[in-house]
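Following: one structure in structure tokens, then a few remarks.
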Amino acid sequence: MASKTPVGFIGLGNMGSHMAKNLLKHGYPVFASDIFPESCKEIQDLGAQVLDSPAEVADRADRIITMLPSSPNVIEVYTGLKGILKKVKKGSLLIDSSTIDPSVSKEMAKEAEKMGAVFMDAPVSGGVGAARSGKLTFMVGGVEEEFTAVQELLTCMGTNVVYCGEVGTGQAAKICNNMLLAISMIGTAETMNLGIRLGLDPKLLSKILNMSSGRCWSSDTYNPVPGVMEGVPSANNYQGGFGTTLMAKDLGLAQDTATNTKTAIPLGSVSHQIYRVMCARGYAQKDFSSVFQFLREEENQ
Amino acid sequence: MASKTPVGFIGLGNMGSHMAKNLLKHGYPVFASDIFPESCKEIQDLGAQVLDSPAEVADRADRIITMLPSSPNVIEVYTGLKGILKKVKKGSLLIDSSTIDPSVSKEMAKEAEKMGAVFMDAPVSGGVGAARSGKLTFMVGGVEEEFTAVQELLTCMGTNVVYCGEVGTGQAAKICNNMLLAISMIGTAETMNLGIRLGLDPKLLSKILNMSSGRCWSSDTYNPVPGVMEGVPSANNYQGGFGTTLMAKDLGLAQDTATNTKTAIPLGSVSHQIYRVMCARGYAQKDFSSVFQFLREEENQ
Amino acid sequence: MASKTPVGFIGLGNMGSHMAKNLLKHGYPVFASDIFPESCKEIQDLGAQVLDSPAEVADRADRIITMLPSSPNVIEVYTGLKGILKKVKKGSLLIDSSTIDPSVSKEMAKEAEKMGAVFMDAPVSGGVGAARSGKLTFMVGGVEEEFTAVQELLTCMGTNVVYCGEVGTGQAAKICNNMLLAISMIGTAETMNLGIRLGLDPKLLSKILNMSSGRCWSSDTYNPVPGVMEGVPSANNYQGGFGTTLMAKDLGLAQDTATNTKTAIPLGSVSHQIYRVMCARGYAQKDFSSVFQFLREEENQ
Amino acid sequence: MASKTPVGFIGLGNMGSHMAKNLLKHGYPVFASDIFPESCKEIQDLGAQVLDSPAEVADRADRIITMLPSSPNVIEVYTGLKGILKKVKKGSLLIDSSTIDPSVSKEMAKEAEKMGAVFMDAPVSGGVGAARSGKLTFMVGGVEEEFTAVQELLTCMGTNVVYCGEVGTGQAAKICNNMLLAISMIGTAETMNLGIRLGLDPKLLSKILNMSSGRCWSSDTYNPVPGVMEGVPSANNYQGGFGTTLMAKDLGLAQDTATNTKTAIPLGSVSHQIYRVMCARGYAQKDFSSVFQFLREEENQ
């Protein structure tokens, strides 16, 4: 184990800290850095070495994983004054697991290439629980020759590592999945609500949908109606899960890429607007399945 | 076999003629009637007795199945001058398999009750193929005591017969399923289109969706993108399948019931409008998965 | 004055009571009836004679105006057991100022014709203030020969009486106007909100819109942003004006007629859904310009 | 006249060439440059001096106007290797009349400031006709002290020059106006279509709307229904006017700024998607009022 080469990790937030711990558990020495140094304490106690800047991480490790909130953070961490690319070594492998605009991933890949390094995008699906238990899914974009090396690291943190194509396609796959998820979640919520208003029992209706052509993940695995399923956010007052603001962010990325590529996404656009209004009306911190509650008119109103 | 009591069948269209044939195959004597008498020829050759009007059918059979295009036809066939209720016998069982507004089903049930008869709604899913092979799904609404009797007849024509609740809930379940189907089909079409524009291979993208939270029937069983699956309308220039006009009709019913019950259906409404515009722009006769083609902008435009 | 022939008035609600008072002011004897007799007290004190049912009104007056909340009320008042048509005299003129589905207006006209009477639809725009001051606008549909007689009565209550065409077109004009109003109000609200977020002063922005191609009644006469105009509901916490539930009702009628005529109304449908959700989220009693408040995300959320 | 100081003009397209001619007419010596040198021929014949690059223009003139298709072109013309800022003189006034993302305007202003120059955004409304006749409207953002100097130049090319606030607000005003324009145009088109289906004469319906609360520029000045008005694109098979692709571009900018500022624009988003689909379905080059034609279902389909 001791012979494993060290891995850099930048961005020790809710997701990143669990991911870095899983790297440590698999025996990788970790050099960590975060704009908020206190985020690194826990992992430092577990043996990671904390450094002051992305540049310093790049100086010490030639495989680096980044996990950051949004495009501007990624640009800063890679190309900023103390960014990775200031000290990156030739031949380094840079893996970005942030969910960002694929055109930014492409830009970063070009900049990395100028320095002789390889940049791959590898956004995740699965949330904090999957990050903790090492059961994330990674969608990977970038040069295919590096995929084996990427896979070696990412399997420490996830169970599925899918190669999607050239750089940016990992982001594309993530964004596409989440857009379809938002659409089918809102669709399930309004369908269940309509059925209930028409006199159907919600459990029976979801059973019928799930054996018919209306079946989807939001109806059979993550039903938004309280009382239909256990162990999902709708059974727990929409706490936990995947927050409405995060969904609104991902739909914003979907909208940006659609506008840039002149692609019509009628339901994706409307879904984006619905989650945006929900953020404005007090649902920002609830799970995104709370759209059922948002749309529902109480009988006595 | 000879001892089976006869069954009336009104509405021998694309669906009804296959359904009536399956009743004959199961040994039921059939009394048939259709506003276009020539529709009855085939079934007449197979042994059915053709009568002039719904009233005459009601005079000869105390179990009657109706399969009609829309609400006004149902109203006419039940309450018109030569309608079923003019000659219905006390204790008769009237099963309507049309897809119509559930409030009309409720009205018909009231009118039938006045005559001492029982009306149940039992719309189908599955299309002409399933009608022919006797593999329809029936969603049944009405008094629960009659469900066994209904089931006996409907299992001659279908493999699933689901009890949904009071009268009208069969329609409600059908409408709800088809609304969610329309939403997830359009969602799948625009998601696949966006992914392709962003550089993803369509087969790979659908594989990723199907193992993730974007999974739905439209992505894993009836994918709208040519080349992704075989044996679906998208593999056959969107011929066959479930026509865009039929989907527009069902979404119109969903919209009507939602407006009447003051229920918000944001994506259902937009989906209704999209299928309505498609009807206006030449897609009326294509399968409803042709929305992929409708939304797609060719690169060289 | 004494020689004027009496007029029947059915439906003495918020609008109808003011309209009937204006008839009295112009010297017309009034026979009034309402399902809630206490609604008639004020007008009784002013000299109107109150009767028990629409049928009795029809027995005493051969010109009758009805002002009712919705289609089922109109059907009951005209064709119910104690309805107008039970005792209507040949040659009577029946004017319905309710806002209802134009297909119901057509039905009522047919039923009236069977009794030798003429039914015209004449919905109003202008609200309670205009009803009080006799400044309503009437949109009239029905046989053109009767328009002069209709105009004579309606000019007692309104300043504009517009002939729209055959029966039902008065409703059509009303519904169309209110649909476009809803669309441009929501459009103005989201545009003003976007401009403010981008750093524009709201008064300046509305000035620019009003001299440009974005100009509309909602921007130049009834601006939804507090502080831009005086004397409008947005200057008074969205009290008074035209309530969100009423707008949702009119949009429901627009949707019904569009569905029946297979007409695509993409923005009308979305506007309907937005006002429907607003009713569910506590905006039911506020003026419909409160959509500005509904969409707005506060900076600190 | 001869004593007037020269003005630089970069971007001699459909709009820019007319604008530059109007500067010449007002006696300003013009230094022109365009990435396609042949675009400059006409203005060269009229006395303008043509230069090879924006940098050279900046070397010769200290007041420069730019009129370019989109954000990337503006970035290139200002900050590229041969861009204006490479040779700009201290105290220069740079006026950008392109319609672009306001955040790009802000960036350009910052870069200009570093070089001691002032950048103002001044997008136009009015189209090619207004550019030719010098009747454009300019919406100006930037430091207020420079507004008088800006106004002096822009009044040679337009009749309205409106100060909107800090840099970027000119763009904001333009984008907001065009978003509301798109919404009310689609709204007018679907409303007129619905009214016609319900039996109303289109001229009468537009007259009613224009005297009521549905009134807007799209109904009273630029009606989309053939036969209602003369001298508008709908009277000329939707040729001329403001193309659907241009409207789609402006709605894309509105969507981008809304997403960036977390602003809900439900009808703006749907309008964007409708114009996007129209581009995909053959309406790209038609005037944006052709949405009436796009939505319309012919009776015999």
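Per-chain residue numbering starts at 1, and chain names A, B, C and D are given in the order in which the chains are listed.
The working rule: a residue touches a chain if its C-beta (ideal position, glycine included) is under 8 Å from a C-beta of that chain, and two chains touch if they have at least 3 such contacts.
No experiment lies behind these values; they were computed from the predicted model shown.
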Would you mind checking which chain's C-alpha centre is most distant from the centre of subunit D? B
Averaging C-alpha coordinates per chain, one finds the centres of subunit C and subunit D separated by a number of Å equal to 40
I'd like the Å distance between the centres of subunit A and subunit C, where a centre is the mean of that chain's Cα atoms. 50
Would you give the residues of subunit C that are in contact with at least 2 other chains, written as numbers and ranges? 262-266, 270, 276-277, 279-280, 295, 297
Taking touching chains as linked, do they make an open path (line), a single closed cycle (ring), a hub with spokes (star), an all-linked set (complete), or other? complete
So in the complex, which bits of subunit B are touching subunit C? 248, 252, 255-256, 259, 262-266, 269-270, 272-273, 276-277, 279-280
In the complex, subunit B residues that touch subunit A: 102, 125, 137, 139, 160, 162, 164-166, 168-169, 172-173, 175-181, 183-184, 186-188, 190-195, 197-201, 204-205, 208-209, 211-219, 221-222, 254, 257-258, 261-268, 270-271, 274, 295, 297
In the complex of these two chains, what residues of subunit A are touching subunit C? 270, 276-277, 279-282, 284, 294-298, 301
